[in-house]
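Next up: the structures, one after another.
First chain A sits with chain B, and in the next complex the same chain sits with chain C.
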Partner chain A sequence: MADSSAPQFRRAVIALSGGRTDRSIVALASEQARPDHAELIGVHVVEIDWTLPLDADVAGRSEDAQRVLDIAEATAEAHRYKLDTVLLQARDVGAAIVDEATERDADLIICGLPFRRRFGGDFAIGATIPYILKNAPCAVWVIREAMPEEQA
Partner chain B sequence: MFVLVVGGGKVGYYLTKELIESGHEVALMEKDRVRAGQIADEIGSVVISHDGCEGKYLHEAGANRADIVAAVTGDDEDNLVICQMAKHHFDVPRTIARVNNPKNESLFRHLGVDEIISPTRMILGSIEQDIPVHELLHLAALGVGELEIIEARLQPGSPAIGRSALDLSVPEGCSLFGVIRDGKPTPLSAGTILAEGDKVIAIGRPDCEPALRDQLIGEPEG
Partner chain C sequence: MIGGRRPISGRKPGDKRVRVERPHTPYFRYTGPGQLTAKAAASAPTTPSGRLFARVKALFIGRPLANEEEAGERLSKKKALAIFSSDAISSSAYATEEIILAFLLAGVGGAAFDLSIEVSIAIAVLLAIVAFSYRQVCIAYPTGGGSYSVSKANFGRLASLVAASALMIDYTLTVAVSTSSAVEQIASAVPALDPVRVQIGVIAIGIILVGNLRGVREAGSIFAIPTYLFLGSAFLMIAMGVFRIVAQGDTGPTPSPEVIKATTETAKSVGILILLRAFASGAVALTGTEAIATGVPAFQPPEPRNAARTLMTMAVILGVLFVGITFLAANFHILPIEEPKQTVIAQISRHVYGDTVGFYLFQAFTALLLFLAANTSFAAFPRLSAVLAEDGFIPRQFAFRGDRLAFSQGILLLGACAATLVVIGGGSTHALIPLYAVGVFIDFTISQAGMVRHWLSTKEQGWRYRIVINAVGCVLTAVIAIVVTTVKAPTSLVVIVLIPTLVSAMLFVRRQYDGQAEELHVRDDMVFDRTRRDQRVVIPVNGINRSVVQAVIFGRTLATDPSMLQAVFVTTDPEEANALRERWDRQLPGVPLVIVESPYRAIVGPMVTYLDVLDRAWPPDREAPTTIVVLPEYVAKHWWDRLLYNQSAKRLKAALVGREHTVIANVPYRRTGS
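Take a look at the complex of A and B:
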C-alpha cells in the first residue's frame, strides 16, 4: 500500500510547449507542489532543425521562447509558488525533456496536451507525449485539455 | 565533424553508432519508417525518416553543412545519386559511397564520388590472397579514391622475376613501395631482386593497372 505521508513528488519538470495548456499545467503543478515544497522546473525546448548546428544561437535570440518562460513564471507567481525555468535547444523535444528530467533527478514530468484532431477526425496526440511516456524513467502526468464543446 | 549517413541497414546503423561513440555529430537518414523508428529507439534522436535520394530531404537533414556524406544503402544507384547531390548541390567536401557491384566502381569514380567502399571487392581480395591468381589485387582505396593500394603476386612467367625492383619501368602515376617475401615486409632497394612468390605492393591510379600488370604479371605459365 502506498504511504500516504510520502510526498507526491519532490522535483517535477514541467514541459512548456508555449501552447494554450502551459498556464493550466503550471497552475496545477504549483498547487500540487505546495504541500511538500516540491521543486518545479519549467523547461521549454526550441527544436533546431538539422540545417543548423545544435549550438546555433537560436533560443537565446528568440523573444517567443523567452515569453514562454516569462508566462510560466508569472503563472506560478500568481499561485504564490516559485518556478525555475530552463531554455534548451535540441533536435527532438521529447528526448530533451526526458534527458533534462533524468539529469535533474526529477521524479515527475508534467505535460500539457491540447485537444486536436487530425484531418479526417482522429485525435492527434503528436510525437512528443508518446516519446516521453515511453522513455521517461520517472512518473509522467499528462493533462489533456477539455474537448471543445462543439466537438464533444 | 558532422557526418550525414544515408541508409539505415546494418552498415549505416553500426557506422552511426560508432561515430556517435567517437564524439561526432551524426544524422542518419532511413526511408523505411519502421526501421527508422527501431534505430531511433536504440541510438536516440539522430534518425530522419526520409528518402536521402531527394534533395529536399537531404537539405532538411543538414547536407548543406555536412563535412562528410556517407551513402551506404544497399542500392548502388541510390548511393550514386546521394553522393552526386551532396557533392554538386550542397558542396559537401567529402562523399563516401558503398558500392555493391564492383563493376560500378569506375562509374562512381568517373562521376566524382570521393571515396568508394566495395565490400564485394574487399572479400574478393581476401579470398584471392589465398589462391593463385593472375591478376592484380586491390587492397584498399586511398585519399579521395583516386589512388589504390595494389598487390601483385609474382608467379612463373612474370617478367619481373630475377630483376631488380628498381629496374622495372613503372608507369607514371604509380609507385612500388615494398615486397612481402615469406610473410615478411621488405623495403625496396637496388639490391632487391624479385623472386617467384614475392608479393609486390604498389600505390597507383587505376589507369596505371594495365602497364603494371604487364610488368609484374605478364603472361602466366599454365
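Take a look at the complex of A and C:
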C-alpha cells in the first residue's frame, strides 16, 4: 500500500544485490512509484577484480547475474509495475550505482540492507551503502531488513 | 545468452563501468539455473498477418493469460453455482411438464393433478440421494472428472470410459436441448423469430463458446447475474402462488374444453408402469447434477469443500423449485398447450404475475437460464475431455489450455457438435429430448456403484451409512436408466449405440499412444555417449548457385568423413550435366558430384532410388548409416513468389518422409537485398 506521506519521486534507481532484500525493496518501490507513475530502474553491478579487464565477458555469461535482474523484474510485474533493468560491470559497486543514477537523472536511489544482531547487534554495513550515502546526487532510501534467522 | 558490452565513464576518472546488454530480456526470463521462462513476446506473431490475426483474436477472447494467473481464474462459490448449476436448475423449467405429459400421453390426464406432486417429491428424494453421493465424490476425488474418476479408480478402464462417453453425450445434448428450448421460449414471446430459430440457436452457441474461450472467471461474470435473476423471480412466483392457493383458495385459470376432456380420467386407473414413466420423465430434473463433481478443480481452495457445499446448495434450490413449480401446476390445474406453444411454467407465471412486465421478465430470465444450462456443459465438458486427454484416451491437445487458460479444444468441439445437433433437430427441443437423460442415468449408476466399491475398500468413518445411500441411489438410477431408455426408444437407442462407439474410439486412441510410447521408450541403463551410426550426406543439386554452395558447406560439417559426402544432380540433359561437372570440379573440389541422367524426365523417383542403391551397397556387416539429405532451399521474400520455387525439393521431401535411417535437412538461403 502506497504511503501518501512518503516523498514523491519520478525516477528511482534500485540497487539490487541478489540478496534477500531485493524482493521486498522492489515490492516497496513498485507500490511507492505507482501514484506518480515513477520510472523504476533496477541496477545490478558485478564487481570485476583487478586481475581481469573491466570489459571482460563476466556478467553476460553469468546466469546468476541475469537472474537477479529477472527476478526483480518479475517481482515488479507481480505488483503490476514495470521495472527496467541494467546490468553493469565495475570495479566498485557503489560508484557504479551513483554514476548510473547520475547519468539517468534519478531523484532517488533505493538500497537494501540486510542485518543481523547476533554478535552485539552491529550492522555489517559494508562499503557500498556508505559510499552511496556520501556521494549520491539525490535522495537515498536504505531499507533495513532483518536476516531470516533474526525473525524467529 | 551473451550480449554486447559498452564502457561508460563515471564522474571520477577511475570510476569506469561497463553496461552489459541483455538480449534475452524482451523474450525470456531466467528463473533457475539453466532454466528460462518465455514471456508473452516470445510467442507473439512476427508477421503482419499473424499480428492482425492475434489482434482480432484478442478482441474476441481477450489477451493471453500466463499460467500463474490461473489462480485468479478459480471460481468463488457464488459464480460456481451460476456456472455449474444452471443446467440442473434450468431443468425445473421443463421437468414438471415432462411428468404431466407422461400422464397425458398415457390417457390419464387427471392423474397429472392428483399424483404429480407425489412423483415430484419422489424425484426430489432421488435428487437428494444423488446429490449426497456426488458430494462424497467431490471430497473423495478432488481432481475432478466426476463419474469418470470414480469409475476409473474402482472399476478400471472400461467402466470409466462408458461413464465418460455417457457424460460427453449428455453434455453435448444439454447444450443442444437447452439452446433449442431457450430459443423456443424466445420464439413463443416473439413469434416473428420462429422461422430463424436454428440461426438464433447457432449464434447463441457461438456467443457462449466465445464467452468460455475468454476464460471461466469471465464466463462466470457474464452468466452469473441471469441465474440469480431467474432464481429470484422463480422463488417469488412460487411464494406468491403458494400464498394464493393456501390463503385465497386459488384454483388456477379457467380450464379450456381440451383440458377438461384430458383430465376426466382419474387416478384410479393409473398403474405402476404409468407412474414409473412419469417418474422417469420427471427425472430429467436430475440432469446436470454431476457437473460440479466434474469441475472440482475450478473452485477456489479448499476446492473439495467448496464444491461439496455448492453442490448441496444447488440440490436444495433445484428441489424446492421443482416441487414448488409442480405444486403450483397441480393446484392451478395447468396442462401444456401445443398450439400455440404454451409451456407449463409460462402458464404458471402468466397466472401468478398476470399479463404484466413481470411475466415477460420471467420468460426472459427462463430463456437466459436455459442458455446458461448450455454454459454449464461448456464448463464441464472441456474439463472432462482434458482429464481424458491426460489419460491418453482422446488426442492430447484437448489437455492444452488456450490463451485464456480455458481448454479451448474441448470448448470448440462441444460448440461444433451441439450446433450440428441444433441444425439437425431444426431447433426443436422435442426432436432431441428422446436422446436426453439416457446417458446421464447410466453415468449416475456407474458412479454410485463406484462409490459403493470405494466405501467397501476404504471403510472410512461412517462407511456403512454412506454405502447404503450410494447403493440405494445406484439401484434407483439403474432402474430409471432402463425405464428412460425403454420409454424413449427407439430414438434413445442411438445413445446406447453411440456409447460403445465412443468407448472403442477412445480405446483405439489409447492404443496408438501406448504403441508410440513403447516405440520411443528409452531404457534407464542406456548411455548415449557417441555417434552410433555413420553419417552419409547426400545433397541433391540443380546446378551451382549460392543456395547450393551454402548447402554443400553445411553438408561438409555433417559427414562422418569426406568420402561420405556427395552431391547428386538428376538431369534430363547430358550436355548440361557435362558443363556442370567441369564447373563443379573447379569450384567445389573435394565434393564428388554424381550425375544421374533421367531419360524418362522424372526427378524425384531416380533420386530416391539412388539413395536405395546406396543403402544396398553398404557393407552388410556394418550398421546401416544415417543418410542426411541436405536440401538447398531458396527462401523467396514474399509469400506469393514462394510458389515459384522449391517445388521439386518439396516433392522430394514428401517422398523421403518416413524413409528408414533418413534425415532431411533444409538449408534455407534467404534473399537479403530488396
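Heads up, the rule we're going with is that the second predicted complex is superposed on the first by the 133 of 152 C-alpha atoms of A that agree within 3 Å, B and C clash if a C-alpha of one lies under 4 Å from a C-alpha of the other, contacts with A are read in each partner's own complex, and residues count from 1 in each chain.
Keep in mind that, in the parts below, a contact is a pair of C-beta atoms (placed from the backbone, for glycine too) under 8 Å apart; a residue touches a chain by one contact, two chains touch by 3 or more.
Values in this document were obtained by computation on a predicted structure and should not be read as measured data.
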- prompt: Between chain B and chain C, positioned on chain A by superposition, is the outcome a clash or a fit?
  reply: fit
Query: First (chain B), second (chain C), both or neither: which does A:Glu103 touch?
result: second
Task: Determine, under the contact definition given at the top, whether A:Val45 touches first (chain B), second (chain C), both, or neither.
output: second
Field: Which of chain B and chain C A:Leu88 touches, first, second, both or neither
entry: second
Message: Just checking: does A:Arg61 make contact with chain B only, chain C only, both, or neither of them? Give me first, second, both or neither.
response: second
Task: State whether chain B or chain C is in contact with more residues of chain A in the superposed arrangement.
output: C
Message: Which partner chains sit in contact with A:Ile14 here, chain B, chain C, both or neither? Use first/second/both/neither.
response: neither
Message: Using only CA atoms and the superposition described at the top, report the least gap between chain B and chain C in Å.
response: 5
- prompt: Which residues would you name on chain A as touching chain B in one complex and chain C in the other?
  reply: 54, 90-92, 95
Query: For chain B, which residues count as touching chain A in their complex?
result: 2, 25, 27, 44-46, 48, 59-62, 64-65
Task: Spell out the residues on chain A that touch chain C in their complex, using ranges where they run on.
output: 45-46, 48, 54-55, 57, 59-61, 63, 65-67, 69-71, 73-74, 85-92, 95-96, 98-100, 102-103
- prompt: What residues on chain A touch chain B, complex-wise?
  reply: 49-54, 90-92, 94-95
- prompt: For the complex, which residues does chain C have touching chain A?
  reply: 1-3, 5, 7-8, 10-12, 14-22, 24-25, 29-34
